[in-house]
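As written, the chains take the letters A, B, C and D, and residue 1 is the first residue of each chain.
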Amino acid sequence: MTVNNEIKKSFLASVWFMFLTFPIMVIKVNTVSNTVEWRWMNMVGVGVGAFFLSMLWRYLLVKKEMGGKKEKTDKPGLVQRVLGERKFAVPALVVLGIFTLVFPHLFSMYQTNIMISALIYVMLGLGLNIVVGLAGLLDLGYVAFFAVGAYSYALLNLHYGLTFWIALPLGGLLAGCFGLILGYPVLRLRGDYLAIVTLGFGEIIRLVLENWNEFSYGPSGIANIPKPPLFGLDLSLNQKTIYLFYILVALVIFTIFVINRLQDSRIGRAWIALKDDEIACQAMGIDKAKTKLRAFALGATWAGMGGVIFAAKTTFINPASFTIWESVIILCTVVLGGMGSIVGVISGALLLILLPEYLRDFGEFRMITFGTVLVLMMVFRPGGIVENVRKTYTFKR
Amino acid sequence: MKKMGKLFAVLSTLLFTSVALTGSCFAAETIKLGVPGAHSGDLASYGLPTVKAAELVVKKINANGGVLGKQVELLVEDDVCKPEVAGNSATKLVSDGADVILGHICSGATKAGLGFYKDAKIVAMSPSATTPDLTLSGEYPNFFRTIAHDAVQAKLQVKFATEVLHVKKIAVLHDKGDYGKGQAELARKYFTEAGIEVVLFEGVTPGAVDYSAIVTKVRRFKPDLVVWGGYHPEASKIVSLMRKKRMKTAFIGGDGVKDDTFIKVAGKYAEGVYATGPMDISKNPLAIQAKKEHQDAYGSDPGAFFDAAYSAALALLNAVDKAGSTDYDAIIKVLHTEYVDTPLGKISFDENGDATGIGFSVYRVENGAFVEQK
Amino acid sequence: MDFDYFTQLFLGGLTRGSIYALIALGYTMVYGIIQLINFAHGEIYMIGAFTGLIVSSVLTMMGMPALGVVVMAAMAAVIYSSAYGYTMEKIAYKPLRNAPRLSALISAIGMSLFLQNYVLLAQTSDFLPFPSLIPDFEFWEPYAHMITSPELVILITTFVVMVLLTVLIKFTKIGKAMRATSQDQVMAALLGINVDRIISFTFVVGSATAAIGGILIASHIGQINFYMGFIAGIKAFVAAVLGGIGSIPGAVLGSFVLGWTESFFTGYISSDYEDVFAFIILVVILIFRPAGILGKSETQKV
Amino acid sequence: MKPILEVNNLTMDFGGLRAIDHLNISINKGEIAALIGPNGAGKTTFFNCITGIYTPTGGDVRISRDGKPERINGLKPNVVTRKGLARTFQNIRLFNSMTVLENVMIGCHPVTKTGVLGAIFRTRATRAEEKLIVERSYAILEKIGLDKYVNELAVNLPYGAQRRLEIARAMATDPFLLLLDEPAAGMNPQETLELDELILKIRDEDKISVLLIEHDMKLVMSLSDNIHVVDYGKKIAEGGPEEIRNNPVVIKAYLGEEIDA
């Protein structure tokens, strides 16, 4: 009976999707001969595919429902348990460390290069995690600060010849100031209103960079940004890439260190309190404005530093790299990975940046696969890959 | 012991793959033609025709026995026209052992990719990157292009506007992009030098739902000519709206507009629009053939930069063939010295890397086709 | 002369605002009912335009008279967009009803990417010419330099759609159920309202207005492309927030304010910074009215 | 004796609606006072006005912690809390994604001062402060009887425990006056009894004065030194439990007109 029922449902789904995809999948107007091409095979494909996929879909949903029935627990997941146990954590970290160290030597420059991209996004993700994951402020214009960092390095280098190592903290600082400037007027806004205003801010920065030629060289961008120097040595491109990789690894470790410390500190707790309940948070004596601004500024600082590295990595920047899509992707890394969780955000960033790169073999199906993965991940694991777990305290008494 | 064996196996596999990934040093079984460009996102329609051109050229060459007795393989990489992605595509192509590169599409992405190719000693040829300093700066000896750079077009537009149209004042509009704004600025520069007043210089937002405000503004300034820097979709929106609003002001665009899609999209409103573009090739047998190949294979007319891409693919593979190897210096030498027959005509490349033999002309849309103006 | 110029910019802004409004209505309705920023809403509008194009080309080739083509194409666009909206809700949002709100947002972004690339793969990456379904009316010729016939049709259609929507929501049974659901889903369910059906219905109606917008704009600007939904979608979203998201008159007013802002800024200052100014207006309005122009700033119950 | 909280002519209007109408209330040191009245009488609004969540339309709110009176209306909620007024909420507002202990640690926010740099470098001062607040929070939880839940997420606690956690959290802010908004709502008789003891303990051991809003008359009568009755935003009676119990105005307000008939 149920089997019959399931088949009936799948059959209906199949018919529905054949109807749905009919004009776009089946009909194609040939503009040369002005004839219509009827691609009936596509319809058959859609029908058969929808039939089986809808079965799988319902099966997985039922399975998820069963799993989801459990009360929300604070039982740590596998990852946390492994990391929590010293006897697993230490060897795991050692292996990871060694792997990271030899990575650029084991793999080609291309692999190192995309790993650099991925690590930049890890930094950005962790930075945005402060704003969205911890403080609960939905920021859709995070890329603005990234752009500020990148342009700081590019322009300071171009005009004053400042090197990477000076530009790195300076870019971070400047972006942090922008974070304050943006944060101040939007303190009163909540939720989606905040999201749209930050989105607007991101666009404003990009448009200014695009239009103000005298300042930013407009859409033609700034080229020949130097990679970080190493004691004046003359490095080959490959060596420079490897060097940049190591710098980035160090910075990511530093970021993890900082965020880890922050989230279990007085500051971090205030952020989470703000996210959970703004009014109760204030009633606990926490200054809402200050706490929000702090989150904005710190998050922006990290984006700024990410931007400096980004400029050093690509050696050429123009406003096209700082569109709203970048903000969206960074937000995806945070939510997909698991809001507030460091391990989660790192996995999210690696997944989202490496996936499209390795999906290059799918060629034209790359982006459609990417979109599908996003939807599926959220439907079947809405909390993200790794959910955040709060620190536990022990008392000897 | 068994464990050790497994570990060893894993390690050696890792090593092997990494060597294989780095190893363009192995004698390649095929000649690899890298095709990086925008294949998804908002600029995909400028990148994909190049892939199709490369596919057609390679199919034909492979059917005739390939180059140097080897089959040609395509390595298609999407760069979404973004510099940072272009850097990754470029390193991927280098790692995968591409021998020559057909791309990138956008100037920004090209700039980002060229450094990697230069370092790896690979020749790159773009069908569409028109920023002048890519070739004129002399920084990239490995860069070539089968399209004239923007300064050539801008000068031609000035000449045509002053000598044929006798304009006194113009409005310059652009799409704020890398390509469009670059063109517009050169136009402003050369028109001003020629003593023509530029009454309006503004960018419009590509993809906006409506341009009536800017069109109204153009009407208010009463220019004799609107010079457009940018691609054809925005151009056709603006022209259509101008005509719908009963404005008869002349309109001239660059090679981003000289595209049959423009006429198709703008329809009757396209009539009378001027555009500069590569010399008329519609009589060139190779061009006719290329177009036919595209129609047969894909059931539609070729898209933007198709002919330039087709020619670039031919020029690159011809250079490999003539050079007798995929050696960098040999290929460059051939490109600079030998002429090759392409849909664009018989072309070679000057010391900067710009194609010679591809002249530019001004066209006017007459009865649904671009007609060369003498 | 100057007054003429002002009038033209005013009318231009009105047209632009109408277009935003047709898309923003869907955003605001969906938001009102499930508090989701439906990022893929712009894609529904794009699909409406594509369906309209495909159907009208096929019918024209079959030799149908122009008026029939217009009617059929518009109907097909509305039906298919609604179907896509309905299906999208079932797949990407319904399973996430109780999940964190950001997860639903990411799912919507995934959906947007999916639909864009689906059309890119199944159809084309090229710009396609869209037939101007609306002819130039002869009686309108004297005014055509001010506002073209298609623009006139856009204005009228938007007005009609808005009136119909208001009637639907204010005076019909299902409209009442929609309002109840948007106020309190649990309570609505307790009162015997089928919440799932109401949400589906909202998506269907929102998609239908987007589809109308899709074909109107496509025939106004004469071309379509798989990417056309993205920017229009973002702008409409801004408009919806500007007016107070969740509020239908707010979405319309916000759209007009945005349209006029852009139009007058372009006309009197510069189109270079047109969007910058649009966003600055947004920020300024939200600073003084944090819930948008017509949004009710909900005082939180303490 | 000087009052520690003195409210004079407090008025609060929402649009045309007057929620609080020239209310006068004063609380003395060491007192447990109750604010009672029918639903919708403006009790919670009163709390919101004196804790800074609403800005009153008129009137004065003064506190004096060490004998020095200070006007606090119009101050932000967080500032009010820092001055020593702590509150709980009628509709429980815990930080659900944090553990019980962390909820109380948040309450310690006003008494600590670690900044961003301190947190990053975990300076000696920071470590000492962390240690201090962990211990202090734990001590409060022990007192309230929630120590067995220390590492549970707040959201997973039973209802009665959540109410008590709100009290614990408020106490952590180091107040001199605790404002409890319906602390016994939803509790069973046993829990209410424990709450009764707890409030007395807070007053006697921690020297914190208490003002509570409550509908459980048994609790109010057994605890309070002084009871203020409000209706329609106006004070209708004040006095000790016995006095209020027998006040006809109060009976009328609670039971309506028909009692007289």
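Just so it is clear, a residue touches a chain if its C-beta (ideal position, glycine included) is under 8 Å from a C-beta of that chain, and two chains touch if they have at least 3 such contacts.
Since the model is a prediction, treat every value here as computed from it, not as a measurement.
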Would you mind checking which chain's C-alpha centre is most distant from the centre of chain B? D
Could you tell me which pair, A-D or A-C, is linked by more C-beta pairs in contact? A-C
Measuring from the mean C-alpha position of chain A to the mean C-alpha position of chain C, what distance in angstrom results? 28
If you average the CA atoms of chain C and of chain D, how far apart do the two points sit, in angstrom? 48
With centres defined as the mean C-alpha position, give me the chain A-chain D separation in Å. 42
Distance between the CA centroids of chain B and chain C (whole Å) is 35
At least two other chains touched by the same residue of chain B: list those residues. 40-41, 176, 203, 264, 300
At which residue positions does chain A touch at least two other chains? 28, 31, 211, 279, 364, 367
Please set out, as single numbers or ranges, the residues of chain C touching at least two other chains. 117, 120, 128, 272, 275, 302
Considering only the defined contacts, which chain D positions touch chain A in the complex? 51-53, 76-78, 81-82, 86-87, 89, 93-99, 101-102, 105-107, 109-110, 112, 114-116, 118-122, 126, 129-130, 133-134, 138, 150-153, 155-156, 169-170, 173
Could you list, by residue number, the parts of chain A that touch chain D in their complex? 71-74, 258, 261-262, 265-270, 272-273, 275-277, 279-288, 294, 298, 340, 388, 390-393, 395
For chain A, which residues count as touching chain B in their complex? 28, 30-33, 37, 106-111, 113-114, 117, 210-211, 213, 218-221, 223, 236-237, 310, 313-318, 320-321, 357, 360, 363-364, 366-367
Show which residues of chain C lie in contact with chain A when the two form their complex. 31, 35, 37, 47, 50-51, 54-55, 57-58, 61, 76, 80, 83-84, 87, 91-92, 95-96, 99-100, 102-107, 109-123, 128, 234, 237-238, 241, 245, 272-273, 275-276, 279-280, 282-283, 286-287, 290-292, 300, 302
Spell out the residues on chain C that touch chain B in their complex, using ranges where they run on. 5, 8-9, 11-13, 15-16, 19-20, 117, 120, 124-129, 132, 136, 144-146, 148, 150-151, 217, 220-223, 225, 227-228, 230-232, 235, 262-264, 266-267, 270-272, 274-275
